[in-house]
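Here chain A shows up in two complexes: once beside chain B, once beside chain C.
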Partner chain A sequence: MSVLSYSWVLPLLPLAVFVFVVITGRRTPRLLAPVLGIGSMAVVFAASIAMLSLTAAGARFNATITWLQVGGRAMEIGVLVDPLAAVMVAIVSFVSLLVQLYSIGYLHGEERFRWFFGAISLFTASMLGVVLSNGWLLMYLCWEIMGLASYLLIGFWYHKGAAPPAAMKAFMVTRAGDVGFALGLALIWLNAGSFLFEDVFGMVSTGAWSGPSLIAAALLLLAGAMGKSAQFPLHVWLPDAMAGPTPGSALIHAATMVAAGVYLIARSFPLFEANPVTLTVVGVIGTITAVMGALIALAQSDIKKVLAYSTISQLGYMFMALGTGNWIAAIFHLMTHAFFKALLFLGAGSVIHALHTQELKHFGGLWRKMPWTTATWCLGALSLAGIPPLAGFWSKDEILLSALHAHQYGILAAGILTAALTAFYMARTTFLTFFAAPGPESMSSRAHESPWMMTVPLVVLAALAVTVGLVGSPLTGYSFFGLLEAYEMPKLNLPLAAVAIGVALGGIALAWSSYIKKLIEPDGYLRFSFISGTVARGFLIDALYTNAIVCPATYIAGVLRVIDGAVIDGAVNGLGGAGLLTGKGLSVFDRKGIDGVVDGLGEGVVDAGDGVRRTQTGNVQTYLLLLVAAILLLVVVFAR
Partner chain B sequence: MLTLNHFLVLAALLFCIGLFGVLTSRSALRIIICVELLLNAVNLNLAAFAAYVAPQEAVGTSFVIFLMVIAAAEVGLGLALVISLNRTSSIEAIDTLNELRG
Partner chain C sequence: MTTLPLMSIIVFAPIVGSVLIALLGRDPRVPRLIALAASTVCLAAAAYAYATYDRVAGGLQFVESAPWIPSLGVRYIVGADGLSLPMLLLTGMVMFTGVLASWNVTSRPREFFALLLLLVTGVFGVFAAIDAFALFFFYEMAVLPMYLLIAIWGSTRKDYSAMKLTLFLFAGSAAILIAICLVFFQVGAGTFDMRVWAEHGFGADFQRWVFLLSFVGFGALVPIWPLHTWSPDGHVAAPTAVSMMHAGVLLKLGAYGIIRFGVTLFPDGFASWATLIAVIGAINVLYGALCALNQTDLKYVIGYSSVSHMGYVLLGLATLNRFGFEGAVFQMFAHGIMTALFFVLVGYVYEKAHTRQIAEISGLMRRTPLVAAAFVIASAASMGMPSTSGFVAELLVYIGLWSLSPLLAGLVFVGVVITAGYLLRMLTRILLGEPSEAVAHLSDPAPVRLVPVGILAITIMVVGIFPSSMYETIRSATGPLLARVMGG
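Let's look at the complex of A and B:
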């Protein structure tokens, strides 16, 4: 036992902040919410450093408690601390810390300022819960809380038209994947009788559980991961989710929520490894997503949309790494991506904060006005483009390398293509925003540098975007891979690295000659209607969903309404008409014979009713009181 | 040592508190909260019987979970009613709502 046994406290700290913010609401001093949020993240981050050093020295912690006892079978939840969990806790808490610091500046005039920090704390708590759980059950619970928190963050500006539908879309689309996750849980429970990683992995490694049900369970877990990690065809929520505040996007779409899917597969890797077919599916989905995301990003005119599709593409990259069987490379890319993409989102936020617009055509020449934002953004963009020795180069190279080693040449080619496209669209965005001469619609003259609360996180993240890749480079002896217990250390493959650097530089040079030197018409490729129409609108996948799912559902509802009106109402009206006819016949007899008797009875009833009417006070509580009294009377009479 | 009776007494207390609240509150919101107390008192009884009388059966536990779902649905419906009531009259004085008086 060691200090690691207290690690279950970590998710509870931000959760407590959330509860505090919800309960106290407007009564708390305005700055207390961010101070508490940042304080809890600082504690968690310090703890994660301790966890990293302890787990690197070989310490592990795995404890289980019984959550539910149902029909003699125990459902267990617990905490697992190993290097993978420690790395994830460090990434999540650090990015969350910086994002909250940044948000103080970004949202300073916001009415629901405190609520934002509450929601971010809830989000971070759920993510910490996901990475620290030692079984799928607790992971799934936290996973769903994360869905709720992302809904709250995306819908933060609920009075703006785009935010509520975007929040709902994110919630519903990830839910489509989560149904798969839940079914996968059921399959695991049926076949292995436990939700704990160690039990299930033990059964898989000894062959006690194998066959089609194992493949099905892995594919169902993959569905959950695809929803959260915005993989094709469930990626459609992520671009819309840009309606939320930019710091929230930095946290959700860079470091945490979208990383959860990659983490789920990396954590469940023995289930995927057992059958090559599941790994192939992961790789194919990742490849499609990576190339598709990069292509769509080329044709975007909104700076946040570029970053959104770039994120989808990079997540596809991580899935490609998982598909080649190298989950450590995926986690490595997850880590570097978390830092440089958070940096890019926060940099975009800084520009948006200055100009209150997200359209690239409104920017241009910002480097004079916003030197810190420009410098840090450029480092992030170069890192994403894969220029050595920045972080993105090392992790991207690792993925290409593992594709080469696994003889997955399709993935290798797609990876190199994506790298070239990535370098081009990032250079295009950088030039159009910061360096190109301002266009006719530019508003750059109004720009100003952001306050220190926003630039400090940018500088810190930029420092990490430059350096963090070194832990996976030969310069430090691949210490990251050693920490996560890689069976074989990767070796830098110089020809491959040269190709990767070459295509990245080529992409940047092409963008430079087009957007700065104007040797090629800027955005000339947008003249092709296929690109500006189909690709820019995300290959029309959204339209496909609208036509294939939403419209049929509305149509079926309309048809049912007509059936209801014509058939059911017709039947009811017919019955009514028949009754009316019969009644007319009977009324003759009625008036002659029965009325006399009935009138007498009726008058009696009216008199009785007048008497009883007094009890009908119309007050629900009086009725209830009488009801209770009657029940008590019955109990007294019959219970003896 | 906790026995079944402890739980039953606690549940009875909860039920009585809830019943008192339902009968005496003037605020619709308080009434809804007290109805929750009633439901949870029943739930506690079910859970206690499940744990003490038939721990090997999943039946009692399943009832509890069903009741929770029903309680959630009830709150949803109740709150919707309260909100629409609030448009026409005050929810703070439920005893003034006597349009059904005979």
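Let's look at the complex of A and C:
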């Protein structure tokens, strides 16, 4: 077929970079690692443009090889290129490219500079593998490698006390979801006899597979998606993951990997669509996550934590879209979010790079010192807040419209509430960082603008955060939706859009009057102990897990250890001891009773004992000799 | 078919090596060379047998038969099928890598390597034996040297552990011996040939109780809960190569015995106990994983993880379906390789850092990147991550479990999450962080020490990515076996 048949090469390019960096280590010229990483991304991005134009013209590519033949049925893996895959490849490679460019500046003095680019390349390879898979088996393979890459990147600064536990927690929590994915794989195979999307979707659409097992399989896949996409109640790892280097957070924990869960559900949508109950579960989880994340973000004092909880909240938004049945809206928001959230993270990184702190109270008035960072950040923040005509407005609007059209008024209300909260906390963060008068603890006087390697990606991402939403707007005839599927899109609903814009502006205005004009006491709501104590600490869900899962498990493990040592071993030792005692008793009886009678014989026994003892020399050679001799004797005697 | 007596070469090459060491081993460097030569011969023969085995025809191949003790009807019969070939290959690999990992044994190298080879002969013999008497004979031969190897070259409560191990295993073999005698007299054909025994129709009650007897007897070696406590102690006390043999291969003798003797001869008896086996398997998985969560010594973590992982073998068998059976045997191979790798790595760290305490080791990723990478691969296999052999085994067991009982699948879910917990706890502590005092002077090992690491790590990946040949081999044995179980 066409050039699409070479698309399986794409994930291998960054993988090769990873292998190269690992093997050559410090022998690699320092700048070669990023050059290779960025070069491979440039190739992939160029290919993705070709993929987009070819698939838009109707071309598809789907190729399969057999991994394992099980009982007359083949477990197959393969590559699928369709518009959805092409869009995802473009997003991933483009953000990865910019993040790596940025990282050259951000990590310039770092000792393990090359390793960072290796790990980023490993991550990108696995993410490309996820989006190019044509079945769940290969997807799961790449999915797990992605988890490993995330572990390595969060643990990058392992000398910082917070990094190793954060890396472990991230792997552990996502792994809990992934075990669900794996069990789901087994269930899919058992019921459908294939791992390929097209085969299984075919069976679902014809009704050959339905019923409780289908619901169970969808929910197990959902568990995997919830882990990676940090959905309640598996969201707890994402805020901690901020211990990793900020560019890594931008790529992995904001733009792409966390979106993999959304992609998984969008890709597996026929499985979810088949039973409304599974879609309802998705919607409920998304709603809880979106509102919860936004509320917690209100009460954060660390700029990266604000963005982390904001990411959780926005991922919840995407799950809400999936719950309303509109997976394309979810992917559309995934795309706009990837650009504006990567921008915000890199902007935050620029500030952290300048001041070496993440606390909002150490900032203030930075716009004078860091004009490029400030301008691009503001565009990203406005986009996230949903101000037209920036990208975030269009994608958020589609989700609200879907909720309205699906008559999911709970989701609609939660969406509007989240939009208001989002606008407020982003405005708060923006004002406190860039515009409010520096406070007593501010370090802003030391600030400086970042080098061009860092500001160029900011500018490029800002341009996208402004414009990319247009592809899903009436101005371009909803071309994005037409690309992914001939889909009857709910058209722009002006009253709804007005409400959304209204709450967003309201949130910004409230923050402005509080943090700039000081009409309301800044952060006054933090005086409520519920907000500063419970909400700020993530509704104490971490503490709940520690007390309800980690501690009991550790406790049970301790108890079992004691049981193993005291009870089971005790029984064994007791049995041995009892045997020993019996033996001793018998020997006493022997000596006192029988020996008294056969005293003369006793002498002989002692002599014999001495003889035997002489063989117990403790010399291994003798033991060995005896062992071999005994074996030979056995063989010879019996083999007559 | 080949004319080489492959099975006899595999079984007797180590004992020939052992004798050669006794005769020639004055120079301390000679024993290890002889041991390496013997293990190379075994590995090559096992690999050759594995490669040339006719998977389509299946059944026993490479059969050799000779009279041994005519008065009792005992014959020396060896052969291999899809069940024994993966085990022979596994033993060959673990032995080869174990000898390389023991390259620096300086205390009494002559006796060490001679005993190790003797032990391996026993193990190979069990996997190749078709005559039940020979099977028992070799089985005992594998246990005895173990005692001496642990008691002399071991560490950490070695006398206690060696004695405990020996007592448990002898108790198990007493049960096996009784079972063998019962069958011998029940069949009454004056032969120990298990092929003949398999043709005999045993009564339902006989099957039921003799299977249980052999399950407990061989199960002590698996180890089944609650007969497992010798196993972690034994792992910890043993020197590296013996830990590798012990966890990698010896535990499989138990599972192999259950399948070869128990399931094959008493299919109905086995099926009647399936629920019990499933329960014990689930306990093994959960109990072992939870115990591993709270250990401070690296070897204890791996030791209890073996208890946990062998539970999948039991669970797979208990499913009574093809996926479970295939997964169980696949897990035997996969677990053997991954544990051997773990013990090579822990052995290296212990040798250089003189500690196995998790609290005292950190920053291996910085000091010994290759060792750290191998730790990650072994852990990935242990967690059942895709592209490792552990994934194939666990996927098959999962599929089998779903069709048996969603409840069990749920329990296993918990077990797998705990598995990730204890492995990540271990990895995060020892790999990340700044290098601790104990590992400050460590660096990656010399090439000769990296060879076993490389062989085992690559095997994990290759079998995980291209599982077809291993799977087909196993299927050629589990297919007919399952037919026996379901046919009855």
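Quick note on the criterion: the second predicted complex is superposed on the first by the 551 of 640 C-alpha atoms of A that agree within 3 Å, B and C clash if a C-alpha of one lies under 4 Å from a C-alpha of the other, contacts with A are read in each partner's own complex, and residues count from 1 in each chain.
Simple rule for what comes next: a residue touches a chain if its C-beta (ideal position, glycine included) is under 8 Å from a C-beta of that chain, and two chains touch if they have at least 3 such contacts.
The model shown is predicted, which means the values in this text are computed figures rather than measured ones.
K.L.:
What is the contact status of A:Val572 with respect to chain B (first) and chain C (second): first, second, both, or neither?
P.N.:
After superposition on chain A, A:Val572 lies in contact with chain C alone.
K.L.:
Return the chain, chain B or chain C, that is in touch with more residues of chain A.
P.N.:
So, of the two partners, C touches more residues of chain A.
K.L.:
Does the superposition put A:Trp394 against chain B (first), chain C (second), both, or neither?
P.N.:
The answer is neither, since A:Trp394 touches no partner chain.
K.L.:
Please work out whether A:Phe332 is in contact with chain B alone, chain C alone, both, or neither, and reply first, second, both or neither.
P.N.:
Neither partner.
K.L.:
Let me test your reading of the model: by the given contact rule, A:Gln69 touches which partner, first (chain B), second (chain C), both or neither?
P.N.:
Both chain B and chain C are touched by A:Gln69.
K.L.:
If we overlay the two complexes on their shared chain A, which of chain B and chain C does A:Gly155 touch? Say first, second, both or neither.
P.N.:
second
K.L.:
For chain A, give the residues common to its interface with chain B and its interface with chain C.
P.N.:
Of chain A, residues 68-71, 620-621, 624, 628 contact chain B in one complex and chain C in the other.
K.L.:
Would you pull the chain B residues touching chain A in the complex into a rising list?
P.N.:
Residue list for chain B touching chain A: 19, 22-24, 55-58, 61, 94-95, 97-102.
K.L.:
Would you pull the chain C residues touching chain A in the complex into a rising list?
P.N.:
Per the stated touch rule, the residues are 18, 22, 68-69, 71-72, 74, 108, 111, 114-115, 118, 141, 144-145, 148, 152, 164, 167-168, 226, 229, 287, 290-295, 322-323, 326, 363, 365, 369, 373, 376, 380, 383-387, 392, 394-396, 398-399, 401-403, 406, 409, 413, 416-418, 420-421, 424-425, 427-429, 432-434, 467-468, 471-472.
K.L.:
Within the complex, which stretch of chain A touches chain B?
P.N.:
Against chain B, the touching part of chain A is residues 68-72, 612-621, 624-625, 628.
K.L.:
Give every residue of chain A touching chain C within the complex, in rising order.
P.N.:
22, 25, 67-71, 137, 140-141, 144-145, 148, 155, 158-159, 163-165, 167-168, 171-172, 175-176, 179-180, 182-183, 185-187, 189-190, 216, 553-554, 556-558, 560-561, 564, 568-569, 572, 576, 620-621, 623-624, 627-628, 631, 638-640
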